[in-house]
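Listed below are the structures to be examined.
Next come two complexes, and both contain subunit A; in the first it sits with subunit B, in the second with subunit C.
Up next is the complex of A and B:
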């Protein structure tokens, strides 16, 4: 324990009952962490690891059952108010008032924290400058894009100068550009005000920016240390496999992920990044057994590799079961060709054009990604494709049907998984599936067959009678996918399916999607995780309603200026393309003026 | 044929889901039925304008035979109960002010003497008219008692009969009990409130929870979704109407004069009109809070302008026009006539047609609002 730590926790234990009458679950067990003063510390780990509980304990909102916690020299359990006067806590869903303007929200939080008039003036100027929200002070918070809402939430949290800042997954649902801006704000404050920060995140690139990383899993600390030390654990285990010509990286990745000698495999930059187990890795210079005969080369480990190594050592997850989904839902292809054709699609809201003359097409069995910053028009495009929103002009053909004329027929051919859990919370898993099956015209024996098979594929049998609203996050998403695949649709639409999901859940999810695509189901996905675009056959990048780039991930990287000597990852490529476009827009705007 | 079957199956599936969502929650089940029970009992007992043992005080300055006979008549009705006997005029004001008595009957000195002489004989009635309704009712009763006293006096003392007498027969409610009127009105009003609330909230709830999008991407058409929302609400409304009906008939013993089938047919038509309004609210509201607010704003005029609390004929003419677009007005009238009067559906056509007209306007309006809010 050192005097320079802003927060020190030793042997913290906390248990809860999930619902009234259910047995208590150990949320935190013997957890010890420290947060250095003037530095950022990260908490990473899967859903239900106890990250939020730990943050709430530190904020004095809960009292631990065991252990000691000292925040800024004070025990938050004994004197929560004294702690709360000196810290700021931004929960995962920050309480912005949607009907109040940006300024009113700020004022409200300044009033709540008793910030004086003089202090406000300088603080507001500074916050507005950092968050770039100054142009929108009169806009209602509900009308801001996801990224701007988070920035406003952060600004409201920072209306006074705290000594310790607790952030609970502040960048969930935020696009890469806004994410970068959020982090710049936090890092600037750390530099200039000697702020200490404890942040939970599921983005490894964010954790890599921190001074210290703690990996939590099921309430226990799996590993802790500097990003370098965690990265170091995977040294010598990491390889990049180049897929044989004509084969997509994700096919190689899928096969590798199912191998038990492999900890992790993800498509990255056209190749497959692999972390092997220590056992599988040869002592000499030859390749590890699972990679034998492949075009593989050793690479430097990343923080994610180290985290995956720590997680997989504890969690046994068989990705092959996730893959079973593809074989059983395989459908005879109804001829090759384009399942989605979008031509000159336009959608206006009043005088605002959300989608501007967009054209693209999606082939059968393709995984197609819609990428773009918050407010780029991808949600609008997505909703039009699903028939939830009529187009202002242009043509839309989905599964061979014109959406203007045969909307109901087209809908029979699509499955839709919304970003927010959108099944009936008080109905059980079975009841939800029965209802959605019926809505798609499945009855009797056919419905029973399909229900049995999706429940088996998505591992839902154990939860069949549980009300959907009481399921944990991962289960819910599997249920949503099961409901969307009951009627064996041609196209599956997924709106930010991995938002807020942990790395393991995300790998499992993509294993399912790649398996589905192999079975001939087309998947259209929006995502904020740019590295996930690597699983897609093709992606479209939108900004301000316009298509900026369309093509395979390799095409996109090339368009962003990738050269053999300067490899880009998808996130860098994405940011480069969006910034090029924005600069060009501004340039032409000035030229016109 | 196949298309029709598919349509029916989809609607049935939607209805089943809706009923499950409504009834699965134990708290929800209680909310659906307990208030109806409590409200109908409350209205049956408490919401009555009838006078029963109303307290009064007597100031008899005469103490003659005639005065005693008059007082006996007042007290024998069971409507009034004497709580004080005064000796002095000064005692009147404190009693009335304190609200201890509804009225004071003051019999002047020389009461019997003047009567016998055939002179005009005033009896003073001092009313606490802070509640004008009960005061008016009491005055009316006393007027009747005095009129009958006069008639009998004349007959006995050879004054001849009164030139004009009123012979009253109250049809359909022989004892003029408010309860008969109230309880039958409640059959319509309570089921209306519930149906309205349920339909108004149902779409708003789905919109708020995101399930509405999930519903819209299925092949179910907006019309099917609307029907799937309407039928369960109508069923719940009818169940509640039945509950009130049972309480009215068996608990309060109000005789059902008409046919049950006709009563239910009439109620069904009314429920459809209510569902139309509820769905229109639902389509307009962005969330449950708004839906709730709109419903509350509508409920007041729907009840007030229905003729349940005040007679429509007493309202200013513009208000009377407004009652013509209020489905509750027709429903209350319809239930009264079928329940108390035993009227057939043919007789209440004048109520059924406007209800159908309201449904014909609100349902397509709701459908139109739905389509134009699918954003």
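Up next is the complex of A and C:
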């Protein structure tokens, strides 16, 4: 190993005993990584890729089945305490004590690390300045917002300067503004204290800020190197396609994604970002075959483009089957107009206002997005729309029914896919569908027809007898959607459907939703991935219970101050809008004072 | 190495103090902990002291007067004097049976037509029918009736009648609170030591707070000690409440030494803490930990320690289970210290057994609490 590496892992293997009877799950297989001293390295991958397992192995909290791991010159399997004395680790659910105040949490970790009184004074001042928690030192940690909790968690691991900092998805579910602030803190410490950091993330933009990136997929290393080297693999393959006037980017994107000459296509900034296969781009100068006749221009590759290239080389996925969903549910729309109308919606929990005077409407056949960080009020809004939570005040019409009066009838017209898997794990696919069909009042031939139809739509026929609990993640989501569509609802509600999913599964999901919307079903989706707003016809951005912006993705970007010469992505637009809003709040606050 | 000694101890004490401070603050701020640590023992004391009693007083008894002679009337009058019986004369058996079926009475005493005639011959017979649904009450009523008859019989100068004098040692008045209170001490110590401790420790596993704590210089033994110290304190508070209630509320005599009672309780508290910490280290989940703690510590302490049911009346297998329970030894010791006095051989033997359990369980909890996740 070289002297400049804080952590070196070679050929790490780790498997877990899964449920009784089923084979062991290989969490890590032949994984090798290095973490350079004085730099940030990233582990990138979806849920279940093996990121947390690798970090726990490095922290001496688990022992590998194979391979060698050296952390700061020590084998963490042999002498975990020696490693734990010198590193800091922030687990995904950071263990803050909710009953203890911000100060008490910090003091606990300072005491455990043996930080002296004098050292503490200067360190605390600095941490408070960086995290902006100085005003809240007496507040119990349980009463902090999601972003502030993460910052306090980070501060607790930084009560002293560790020789290696391990961060497990420190920004998951955190709003883009707090996310940026957390990264600024870490980067500042790397510069000033020569901190070595290994961070896991599912965000590509975060990985792009690191010195070294290891992409994990299903326990294996998909790609590793500097962000530049991974990005470089897609050089010359990337294009931006401008959709013809009057056509939404997602329609063009959907068609391109089905093409076998195309590795990846995503809507970005009103255009479609495309990565072509090497075969398709082999011809010089002219556009690749799949883009012929389109308004396309070559663009610089991004890290995500490089990752998608590596991913598609390993994993075969046919997006065209996902598109089949639309044609089979096609039915005559029950007239145009608004299927959801929300006016001055308010929901209070005690003295806390989770949703504050929110108004918007959704048209038939629209894909409507609710965007915002954890705690923004999107889940509360969502639950009220589904009739799961009564509103404190305001009016709510869903599918033509007033939710205050005809909640049961409105429910007949909606399908709901919750964030957690809400089907019965020990019932088979068929049994689950029969049960949910019965719950919606379907029986006999009608139920059989509908079951056959949704199974065909969601490609579930092969798994009909498999217990739902044993299905892989992507299958489960398809089953959940199939169950929610059995009674042919007008509106499908999906709560955080792409959270923790891998990039391919996310694209496949949006491909299905696009197809469904073409068939006339309205889809309302919550997400904390800002770039997914581009798949929506219109979105509402919420923060702290208030609507900050409402409109098409292009409207939102314009509202955020986008100009033709300075394009914004949705994330930048979100940050700009939140900052505008906070500045306005402060302005009015000062005016009042 | 020598220089590192005091240094290392300093670091150990500093970390332990920090963890204990944290634990005490959490204990005081979380209302559910306080409810279970302080309020529940108070409720148990009141329920067991006032609500629950195995005494039978004024037990209603139907008396079928088929013989109306003065001798039979004397007999009923004698029973009426007893504070434990409430005789209700009826005319015939069917009426008595109706009362019995409606559970208006606990039993039927039938005085046959030839009662007085045969009494003079020294060969009188009475029929006593008891409602057996509640066997404990039935037996108690049987005893009361017998002693009432005995009392009546002694007044007659009947030849050959035997005087039977019953005495209950160690609990002259047969007041059930007297033997309920030692049981209460066992229950409350188990509740705080095993149940509450298992819950708060499992909560740390479940919420992931331990995962963050593990990757610091803290040692597992410090984490365990930081749980033991405050909950030992809570256990002592519960114990003190029980002893005060025993002395001043229920007036239970304390025949043995108070110091010995405290000593054996401390030993048992360590056993209970060991059970709680071991359960949480194995289950790592609040719900499972609370269920397991209930099933392996609280319920057996209630049912199988000899608190409610005498172990010797149980099937051999169940007796074996009872004898394996630390609570059994604690209860046995407490009962004799409260009601009989310092029976040294038994106290010493049981203390040694409890100490053995404490050492084994705490060592097992230490072995199971490793800085490992997943």
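Methods note: the second predicted complex is superposed on the first by the 481 of 593 C-alpha atoms of A that agree within 3 Å, B and C clash if a C-alpha of one lies under 4 Å from a C-alpha of the other, contacts with A are read in each partner's own complex, and residues count from 1 in each chain.
One rule holds in what follows: a contact is a pair of C-beta atoms (placed from the backbone, for glycine too) under 8 Å apart; a residue touches a chain by one contact, two chains touch by 3 or more.
Source: prediction; values computed, not measured.
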Partner chain(s) touched by A:184 [first = subunit B, second = subunit C, both, neither]: neither
Which partner reaches more residues of subunit A (counting touched residues only), subunit B or subunit C: C
Which superposed partner A:412 touches (first subunit B, second subunit C, both, neither): first
Subunit B versus subunit C as contact partner of A:156, first or second or both or neither: second
Which of subunit B and subunit C A:585 touches, first, second, both or neither: neither
Contacts of A:449 with subunit B and subunit C, given as first, second, both or neither: neither
Contacts of A:441 with subunit B and subunit C, given as first, second, both or neither: first
Subunit B versus subunit C as contact partner of A:422, first or second or both or neither: first
Common interface positions of subunit A, toward subunit B and toward subunit C: none
Residues of subunit C touching subunit A in the complex: 11, 14-15, 17-19, 21-22, 25-26, 29-30, 204, 207-219, 371-374
For the subunit B and subunit A complex, residues of the former touching the latter: 6, 9-10, 13-14, 16-17, 20-21, 24-25, 209-211, 213-221, 374-375
Subunit B partner contacts - residues on subunit A that touch it in the complex: 386-390, 408-409, 411-412, 414, 416, 418, 420-427, 431, 435-436, 438-441, 443, 483, 493
Interface residues, subunit A side, partner subunit C - complex: 16, 53, 56, 59-63, 80-81, 84-85, 87-97, 99-100, 104, 107-109, 111-114, 140, 153, 156-157, 166
